[in-house]
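Below, chain A partners chain B and then partners chain C, in two separate complexes.
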Partner chain A sequence: MNTNDILLAVLVLIGAPIIGCIASGIDRKITARLQGRVGPPLLQPYYDVKKLLSKDNMVVNPTQNFYVIVYLVFIVLSLLMLVFKQDFLMIIFVYTVASLALIVGGMSTGSPYARVGSSREIMAILSYEPVLILYALAIYLLTGTFKLTAVLDASSPMLMYTPLIFIAMIVVLNIKLKKSPFDYSTSHHGHQELVKGMTTEYGGPGFATIEIAHFYEYVFLTGLIFLFWASNPIIGVLLGIIAYLLIIVIDNITARVYWQWMLKLSWSVLLIISIVNIAFLYVSGVQLA
Partner chain B sequence: MSLAKSPWIIHVNVNSCNGCDIEVVACLTPLYDAERFGVLNIGTPKQADIMVVTGSVNYKNVNVLKNIYNQIPDPKVVLAVGACASTGGIFHDCYNVVGGVDQVIPVDAYVPGCCPRPEAILDGVVAALSILENKKKGNIKGKEVKLKGKEVPSNA
Partner chain C sequence: MIENTVMLLIIVPILFSLLFVALPKSLYKYLAWAFFIIGVALSVNLVLDGTGVVQIGEPNFAMFENIVLILEVLIILFILAVSAKYKNWPTLGLGIVSAALFAYTFTNVPGVEGASLNIDQFSQIMILIVNIVGTAIILFATGYMDEYEEHRHLNRQKIFYFTMSFFLGAMNGLVMADTLGWLFLFWELTTLCSFVLISYNMDEEGINNGFRALALNLVGGIALSIGIILLATKYEISTLSGIGTYAGTDAAAMATVALPVALLCIGGFAKSAQMPFQSWLLGAMVAPTPVSALLHSSTMVNAGVFLVVKLVPAFAGSSLGTAIAVYGSFTFVMCSALALSQRNAKRVLAYSTIANLGLIIASAGIGTPLAVAAAIMLILFHAISKALLFLCTGEIEHTIGSRDIEDMSGLINKAPLLTTLAALGMVSMLLPPFGVLLTKWVSMEAASSNPVVIVFLVLGSALTTVYYAKWLGTILSSSMDKNAVPHKKPETYFPLSFLGLAIVVTSIFVFSIYNYFIKPQVEILLKTAPVISGQAGQFTSEIGAFAYAAIFVVLALAVLIYLATKNMFTPRTSSYYMCGENNLEKDRLMFRNGLCSYEKSSVSNIYLQNTFGESKLTTLGYAISIILIVIALAGGVGL
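Coming up: the complex of A and B.
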């Protein structure tokens, strides 16, 4: 741990929510434009968080606050681990703990809406987790290690060898950002699903913390897409931005589906194309140079 | 200014004829687009700032109204939309009508009309914003409205 590492960590802690906030604002602006509206200002998510922080915290039970903080801390931790090129398997594990904290927080309130939302989120985890594990396996087969250092130091992009996993990861991004057609556990701004799904019983600062964690999550998830072209950071960032804009368009042109439909999609199509990709990597034995 | 830039409303229908509800929903359509002021129609009272109430209150839903009001965190304002919510309207002397939201919970702004136009409702929301800011500055808390058991008309 030297001075440079500390500076980078501080930069990520401050920079990521700003990027996430603007990304969220762009999302709302594009959504409004696609619906023929003027839409809110670009910094509307920031105003929302600022307002929520100034309100009273009204909770059903005090443990709710604890789960929200666990959610934020583990999201930030997984983002920091990604930036410091740590073990990819461990990053997925830490990220799952964050998702679980939100589910347990929703369950602890006892509100029927939060409970149904939490159960649906468990289904979402069930459907995207195998794809993430196969993504980690692909990294292992390509570099011989789960450490991200090998991927980031390679001179050729990973996308050349893992195009099918990339397609699967776009859908995972859609599920994790809770965008339509997979926004059934809780839904963002304006839309209502099960009142507000998992986050029904949160208000004021508690809900603001969830929003801030979402900002970090935006950066973390596009970071996973960035890894596909990490050899050239500019193309990698562009890939992340294009994937994010694609998700916004998909969000606006599709309707919400049943959770069964998503489980079928991910356990048949996504899992099969990922396994085909893994089989190709295993048989051909290519290495990331 | 932080509150005035993102007012989230919760829409409560207490015995309304649906006329005012349609007009409230019309505010959110692309034509009037309330979201350009940061207004969102939120489903849960825990995240709301402005309570938009439509309809003359009757004895069946007095407790529902009080319950939702108590669940909104401070600072909060109540906006009574329509003639019924303001005074009881044409139903004011009905046997089952309490008559006006202000009989039950404190109301900060009224939007009269039967039914009010979307412009009038947006105007009411904007008027409520300055009240919201004042409440934040003065640290004025909404009093908890006590739930009674079964509400019955006095002449019953």
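Coming up: the complex of A and C.
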């Protein structure tokens, strides 16, 4: 670990939530415009977090805040591992820890709304995790290693060989960002059957922690999309931004579906196109140059 | 001296089993403590003695060989007698076939001049598992069985402890024996012990399930003995290590012994309850929880995967190996899917065991140094975690009177320590930085060269996360009532805490364990070691890196942050948010409905019975697994 690495780590730790916060603000702005409203200021998510931190630490179960801290630190860890080009399979497992921590945190409150949300989020894991690991496998097949170094050093974009996995990953992004039509575990809109889903019983600093973790998660998830065109960082970043804007638009033009529907979509269409893509990589034996 | 330790490892458990019979019930507690301490001491001593081969030649050999013969005759007679007594004709038929095979072996197969016990690093690991985890389970039983028998009006503890201790002795013999004839004896002894333990309750269900276990394991035993006969008559191989020496890593030699090796593997599959043999292990849960814990973690099922891993040099890289890998990974994904639909905690654990054994077999089948290392490590980590989970389930059942996962919600308020330990066990099964996930990661990286296997592993892995996450969330969810009061006995809570600690310690020192045990063993089996290095708290292979140290640090950091911030921001507790229509003093989960009366809200987990239910998947599982076994056999005879 040299000075540059430490500087980079600090930069990520400080920069990522700022980017995530602005992304979240843009989301709210665009959504408002699409709905014919003016919308909140761009930095509204920051003001929200600031206000949440000034509130009392109101909990149902004294241990519930432990899980959101685990959620936050593991999101940060997976982002750092991504930035430092670690083993991609490993990153996915670390990311799973974070996702599970939030689910268990929701369930630990014992509230019926939270448990409904958590149960649905568990089904979301069942939908997206195979796709994520197949994405890791595609990286291995293209570069001969699970470490991200090879992808980031390559001179040609990965997207050329993995178009189907890219499509599947866009859907995964949609599920992971908990945007409509897959916003059934927790939702920004006060739907009656769900209230606030997993995070129903969180308020004040605990909820602020979740929001901050979400900022990191936005960066991490768009980072996964960035990898598809990592050979040219500018195009890669653009790809990430376009994917994110696309999700916002989808969020606004679709209605929530049943979780069963998502599971069917994932285990039929998404898995099959991913496996077809993987089969192509096996058969053709192409390598990322 | 290694010879003495080896002999003691077989004699001491048998001695203890006799002591359990001879001494009164009131002393069992002290006996179990003594057994645990001696078991730990002996197994550690064996590791300190190092590796080696213990040869047993004349004049002792003749005596031992006679004992072996007498015992084998006794086993067969017992099976015939008991199956005739209960009029269980299929078992009787299988017993007769076994007897015929035994007679054939006795008359036609040339005898051996001496026997040998082979203590390599793998045997050392198995001995550690059997004698530390196994005796911890017996210790747990002393705090468990009285209440169990009280509920069921039984008084058979003498038989129980006798068989449990004897089981450990047989298992010790099995993992050390190199001579195939002796291995077979210990193999049949464990089958017999499991039969006695499964039918412990002596009710109809118990006896039926006991016979199912006996019959399916006899099928495995028959495959095993045919394999041994073939090896002895056609290739003059009479030892387990001899198979490896004969086949080497040479493709042509491998092809010639493929059929007997495949038969031995089928014996292993039956013992490890792989599909289509899985029903015996599911039936085994009618027995008291310590029995399930023993069968699932430290003994019985491990014998099967132990044999398969030992046979790796005879199929690594061959088409038989590929068939075994596909078969194992199929069991992994199928049983993970089945576990998803189960509400009964013991059934979830049973399917999880079968799935993980499938993963071990898949790793062995892949046969690269990396994969074989993963297989051996998974046996170790799985044994510890699964023993803990089973014992916790037993203790939960005694605390809340149910083994239904849905009934366990709110357990964290009722029995915090027990819940924490159970949660640790579950987390160690599916999340980094713990050992089981590390080995799963290694096997996934190793399997990435085989498309079918890796896709099965990916799906199975996602399913595993889901079924454990549901259970984990349920036990950790808080409830507002605190009715059940856990009864904390040192005999039950010491083994639980000990196993919990063992999970953490083995996961932290995973690289030392790898270096000391696994690496030399893989070198013995495959003549090359996996390219793994362990600098800077990372498990680095040629294709990836597992940064377990970083995760431990981050986990510790999370705990520290939590403790530091716990009392900041004016903490207050409040009640559930129920949209303003709740908060009756007596039960805070009440809603007011449209008729202005109150109804309790209840939320349960999602089990997807209609997709992954046993009725939907079991037949499919049987069909595909039988086809895969036939393919393995066909590959064996070179079709």
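The criterion applied here is as follows: the second predicted complex is superposed on the first by the 284 of 289 C-alpha atoms of A that agree within 3 Å, B and C clash if a C-alpha of one lies under 4 Å from a C-alpha of the other, contacts with A are read in each partner's own complex, and residues count from 1 in each chain.
Here, contacts are C-beta pairs under 8 Å (C-beta built on N, C-alpha and C of every residue); 3 or more make two chains touch, one makes a residue touch a chain.
Nothing here was measured: the structure is a model prediction, and the numbers come from that model.
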item: Which of chain B and chain C A:129 touches, first, second, both or neither; value: second
item: Partner chain in contact with A:51 - chain B first, chain C second, else both or neither; value: first
item: First, second, both or neither for A:278, with chain B first and chain C second; value: second
item: Which superposed partner A:77 touches (first chain B, second chain C, both, neither); value: second
item: Contacts of A:36 with chain B and chain C, given as first, second, both or neither; value: first
item: Chain A: partner with more touched residues, chain B or chain C; value: C
item: First, second, both or neither for A:200, with chain B first and chain C second; value: both
item: Contacts of A:138 with chain B and chain C, given as first, second, both or neither; value: neither
item: Common ground on chain A, meaning residues reached by chain C in one complex and by chain B in the other; value: 55-58, 113, 195, 200-201, 204
item: Of all residues in chain A, those that touch chain C in their complex; value: 53, 55-66, 69-70, 73-74, 77, 81, 86-87, 89-90, 93-94, 96-97, 100, 103-104, 106-113, 115-116, 118-120, 122-123, 125-126, 129-130, 133-134, 137, 140-141, 144-147, 195, 200-201, 204-205, 271, 275, 278-279, 282
item: Residue ranges of chain C in contact with chain A within the complex; value: 409-410, 412, 431-432, 437, 441, 444-445, 448, 451, 454-455, 458-459, 461-463, 465-466, 469-470, 472-474, 476-480, 542-547, 550-551, 554-555, 557-559, 561-562, 565-566, 568-579, 589, 601-603, 605-606
item: Interface residues, chain A side, partner chain B - complex; value: 28, 32, 35-41, 44, 47-48, 50-52, 54-58, 113, 189-190, 192, 195-196, 200-204, 207
item: Complex contact set, residues of chain B against chain A; value: 2-3, 5-6, 28, 30, 33, 35-38, 40-44, 46-47, 49, 71, 73-75, 136
